[in-house]
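You will see two complexes here that share chain A, one where it goes with chain B and one where it goes with chain C.
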Partner chain A sequence: MPFCSTDLGLTFDPQIGERLIDLFAAFMLVCSLLFLATERRRLHVRLYAFQSLSLAIVAFSVAFFQCERHIFIAAILTLILKVIIIPIVMERILHRLIPQQTVKPAINIPASLLIAGGLVLAADLLTQSILATGHQFALAQNVLTISIAVMLLALLTMVTRKKALTQVIGFLSMENGLFLAGITITAGMPMIVELGVFFDVLVAFFIMGVFLYRISETFDTINLERLTKLKH
Partner chain B sequence: MGIESIIHFIQDDAILLMLLTPLLAGIFCAWIGTRREMGAISVTGSMITLLFGLLLVDKVLANGSASALNNFLYADGLSAYLVLIISVIGLLANIYSVSYIHEEYAQGTIDAGRLRLYHFLLNLFLFTMLSAVVANNLGVLWVMVEGTTLASAFLVGLYDREESVEAAWKYLILGSVGITFALFGTILVYFSAQSAFQNGAGSLNWTDLSNPAIAHLLDPSILKLAFIFLLVGYGTKAGLAPMHTWLPDAHSHAPTPISALLSGVLINAAMYGILRYHHLLLASPVTAGFSANLLLIFGLLSIGIATPFILVQKDYKRLFAYSSIKHMGLIAVGIGLGTPLSQFGSLLHVLNHALSKALAFMGAGNILLKYHTREIFRVVGAAKIMPFAAIFFFLGTLAISGVPPFGTFLSEFLILAAGFSAGRYWISGFVLLFLAIAFAGFIIHASRMVFGSAPEGVVPEEAPAMRLWPMALLVFLVLLLGLYIPNPLHTLLQQAIAAVNVP
Partner chain C sequence: MNWTELITGLVMILIQLALFLLLAPLVTAWVRKVKAIMQNRQGPRMMQPYSDLWKLLRKEVIQPATASWIFTITPYVVFVTTLSVALIVPIFTTILPLGFIGDVIALVYILATARFFTALAGLDAGSPFGGLGSSREMSLASIIEPAMMLAIFTAAVTAGSTNLGTIAAQADVGLLLTPAHLFAFLGLFIVAMAETGRIPVDNPATHLELTMIHEAMILEYSGKYLALMEWASSMKLLLFLTLLANVFLPWGISNDLSLVSLGVGAVGYGLKIFALATVMAVIECSTAKLRLFRVPDLLAASFVLSLIALILFYLLGGESHAVL
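Now for the complex of A and B:
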């Protein structure tokens, strides 16, 4: 594919690519923080779509500026699946499920944002410890910090919110963070693995979607507070 | 063409054929099988799978390894050993489930659509587990382990009860999130591999990474970090504490043949992933102790957390689920101790545990179908109601609690003996104490269920043959392993240990 910068005979200041990647990676982190700051499910879906869009732009930038051609495929798949298909299906599910009363999160919003700040710091420390080995990444180290932070924040969202749909979005967002790490530090995984991961995430999403319906049918709610049948 | 050359011809592609069979069986069940045929297709499929599995084992015994599709699939001693376990338990669970799931259909617990889904997913589940252990690429291993969660999520939530849906949801979410950590670990390993290879291209192929020349070059501190993520990720699926919380729910609310597969086989497939990376860390002296110690810590924690729950358990399927956590802990401890004897014991215990846990769950299934309750206190006098099924159940309970002369006793004894002779008194003493406590718990629970006078209102009737013969065979196998280890199995175990250890 004659798409990347050197094919077109263009020379860029190498910093342009890196800054673009840093910027959109930062948008991903902002989305993760906003997940924690809001209770509205429709907004969660939109935030997820925006986070995936930022991820797709990062992937395109890596593919274009670093000439890692096989990442184009990952970027296009991200765009189709995570920016378009999954959010649309999720909106449908939201429409079909009975409207829910709001549930209080296990930890209130200011406190969870405070914890989130701590997790971002922890992600940075973890990155420093990887960097201390003297390895050079394909890209700037900020992106690795962000990807670990996105994973941890998604986990925090899943733990503190007792809504089934929020947990699904948390899982998907966690996977976004993981994917960012994949393209940043290793310039993508072997093709077969990357396709397999995409396939798994898609199937996982659809299975979770089916279970959302089954939970709402069996329990008359999709708030997980009521899922307390199981003890020891 | 003589029969010899035909066998050779098949043997060359044994891995591939072994993977295709359950896939085809699943597709046949989904599309064309009638209600009666589906059972026959599944059983025939898993028989053929076992046959190819045995051919693969034979080839690995002869050559040390086998591969197919340009090294995309690769099996060494450890893979072949797990293939053997998966295909044997897969066949027996399939035979058992024909009778079991059709009785549930007759009782009206599930409808025809669910029956079809069950057979389709059961075969798909076997396919994903088999592919996980013969994948050469560690990334594909991850894809397949996540595949096992996806294939079995509907199986866990097959019934439309609140508990089943909740258990399946927990299983799906915790399994997927846990495994996400494992993918991060895999990415880190790939990252360190990129700088280890001359051309900088990197590889996730086991055949490349396990090459000592490469394994030495992998960066120690990145490997350590990766191993933490991998242990948490695959450990979630293997049921190691404290990531085990989904396991008792999923294993107890799934249909019983699926419980047998989840507890007997799936957790071993996840442990396989951990063992692969453990090998990579053993290659370098800097990281060798690190992974072993982590395995010890998580193993001891699992034993310590699961045992009290065994004592106070009120639900007999949950009882066996907690016992699985304990046994996985024991296997992790045996690997972590790191002496050849303890590793031999550990790997032997993988097989013994798989056989006896499948046996115990099959026994629990017979009781469940008869008494319609999972509560230990409401099941009494099973021996009067269905003598053979009850005796096999009791023997299964004895086997999982490690009573001589069952195979589990031998392997537990080997691990403990290795621990004491290596001077790890505290660890071995702790394990011994908790094994003894769990043993007492099992005997009290099981004898209450099996012996005593039969209750009113339960019709005395022996379980059908399809649900007794697999159990009889399992009793025979687990007894045999306690008394004598056949030579080919011994060789296979040695090869498997070689795959875990670094010479």
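Now for the complex of A and C:
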């Protein structure tokens, strides 16, 4: 049976848990930013694995310090699915894809990074207006800002990058942001909802993997611009 | 100020200067050693940089025919400016006797002076490589400097002071970095790699005309001038590692002058520097050098990381310890 801080009879300074969560949430944001800063596919996969690992650590901390036992299950699932299985499968897809020239992003890297900076600001404005309604959240503003920023940056990745693989990564990273918001604001949704989301993501990922492979086979590239004219 | 204070201050200044001068080649040697081990080579022994410097200092100086006085004074300017920065950076105690002579802003611009003279000397030597190196160095510097300023400002705003000793003393946040510090640390780390000419940006071990930046500017130097330039660049590496270690990870740094806390500070400082140097060497081994035109992408990432650090600090309700 998983245990949490009060079971062990330990009392921690509540600050420690909160700072641990803040720090690893910040690591997630760093990863989202690096998705935009690099073009290397293999690095993208590793960054995704690292982002998911940080998410798992946040989930473990929430479970441990706030004594929300069912989040342990979510954390373990995150660890198995997003840190191990999805990256491994994605590496295998990468092996089977046809090597290709680099595809220029729609907006170049420095510009998209600057937009990313603006998006973090926007995320914060959004958080301020949510908090202004007077809701009290478990771990409120720090992590809420970061999770909204992670979602917005993932959206930016999906919009500006033309490669199908990068768009899949963007989608998965957006789900990471959502999950972060979920566990830290509500201190855990009902278990059944979380399990449902996990299986959704897994199924979506596999369907996208198959699509990626098909697109690559048919068009000899995963540059999605080619899909605008659906004849070849 | 009484005599004992004055003498303690003087002793501390001397210790700090000696440490920087003597430790810098060792750190360079360590980075080379780690790289060699990772590449399955034996690598030069740890004392090699000292022997190199000693040999170079006794060698004859050959000047290009076109060189003017700028070429002659540059090594001294670069060496002295780098060494003087060492006086305003906390090493293992946050008490800086000469802290009043300059803060982080002075630090950035003293380093810029050294860069300015190096670039001039590169042009002055009259070889085409020198000019090429200078132009590359200055164009990169225009992106590096704002990123560096932003990263350091984040730390300064958090501490409410631009004095590096105060920043190090205030940044003591327990074992965990705050999100803002994390971002600023990463930003400054990229800046440090670029400033000290490490691999994703420049390669310190090559003289290949297509890629070199820093080496191109000092290509015409020989003898004791080259020794001063090399020594200054290893001091610059140590300087950036010290900044990273003490501004963002001030674990164990001593806040008073008792022997115990100074000892803890010294040991902690040594461990931090060698850990950071190892990380740098590992990054150098595991990445390929970027094409020159891709370097701005990396530096833009550093700039945005620092920018987000500031945003996170202000907007996440970070409270400054400012006594402005």
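For this structure, a couple of remarks:
One rule holds in what follows: the second predicted complex is superposed on the first by the 226 of 232 C-alpha atoms of A that agree within 3 Å, B and C clash if a C-alpha of one lies under 4 Å from a C-alpha of the other, contacts with A are read in each partner's own complex, and residues count from 1 in each chain.
Quick note on the criterion: a contact is a pair of C-beta atoms (placed from the backbone, for glycine too) under 8 Å apart; a residue touches a chain by one contact, two chains touch by 3 or more.
Computed from a predicted structure; not experimentally measured.
With the two structures aligned on chain A, chain B fits next to chain C without clashing.
In the superposed pair of complexes, A:84 makes contact with neither chain B nor chain C. Judged by the touch definition given at the top, the superposed model places A:182 against chain B, while chain C stays out of reach. Of the two partner chains, chain C is the only one that A:26 touches; chain B does not reach it.
The larger set of touched chain A residues comes from B, when the choice is between chain B and chain C.
After the superposition on chain A, the angle chain B-chain A-chain C between C-alpha centres rounds to 150°, nearest 10. When the two structures are aligned on the shared chain, A:200 is found in touch with chain B, with no touch to chain C.
By the touch criterion defined above, A:122 lies against neither chain B nor chain C after alignment on the C-alpha atoms of chain A.
Applying the stated contact rule after C-alpha superposition, one finds that A:94 touches neither chain B nor chain C.
Once both structures are overlaid on their shared chain A, chain B and chain C have a minimum Cα-Cα separation of 20 Å. Once the two complexes are overlaid on chain A, none of the chain A residues touched by chain B in the first is touched by chain C in the second.
Against chain A, in their complex, chain B makes its touches with residues 137, 139-140, 142-143, 146-147, 149-150, 153-154, 157, 160-163, 165-170, 172-173, 176-177, 180, 183-184, 186-188, 190-192, 194-195, 202-204, 219, 221-222, 225, 248-249, 253, 309, 312-313, 318. Put simply, chain C touches chain A in their complex at residues 174, 176-179, 182-183, 186, 296-298, 300-301, 303-305, 307-308, 311-312, 315-317. If you check the complex, the residues on chain A that touch chain C are 16, 19-20, 22-23, 25-27, 29-30, 33-34, 37, 109-110, 113-114, 116-117, 120-121, 124, 128, 141-142, 145-146.
Looking at the complex, you find that chain A touches chain B at residues 126, 129-130, 132-133, 135, 151, 155, 158, 164, 167, 171, 174-175, 178, 181-182, 185-186, 189-190, 192-193, 196-197, 199-200, 203-204, 207-208, 210-211, 214-215, 218-219, 224, 227, 229-230, 232.
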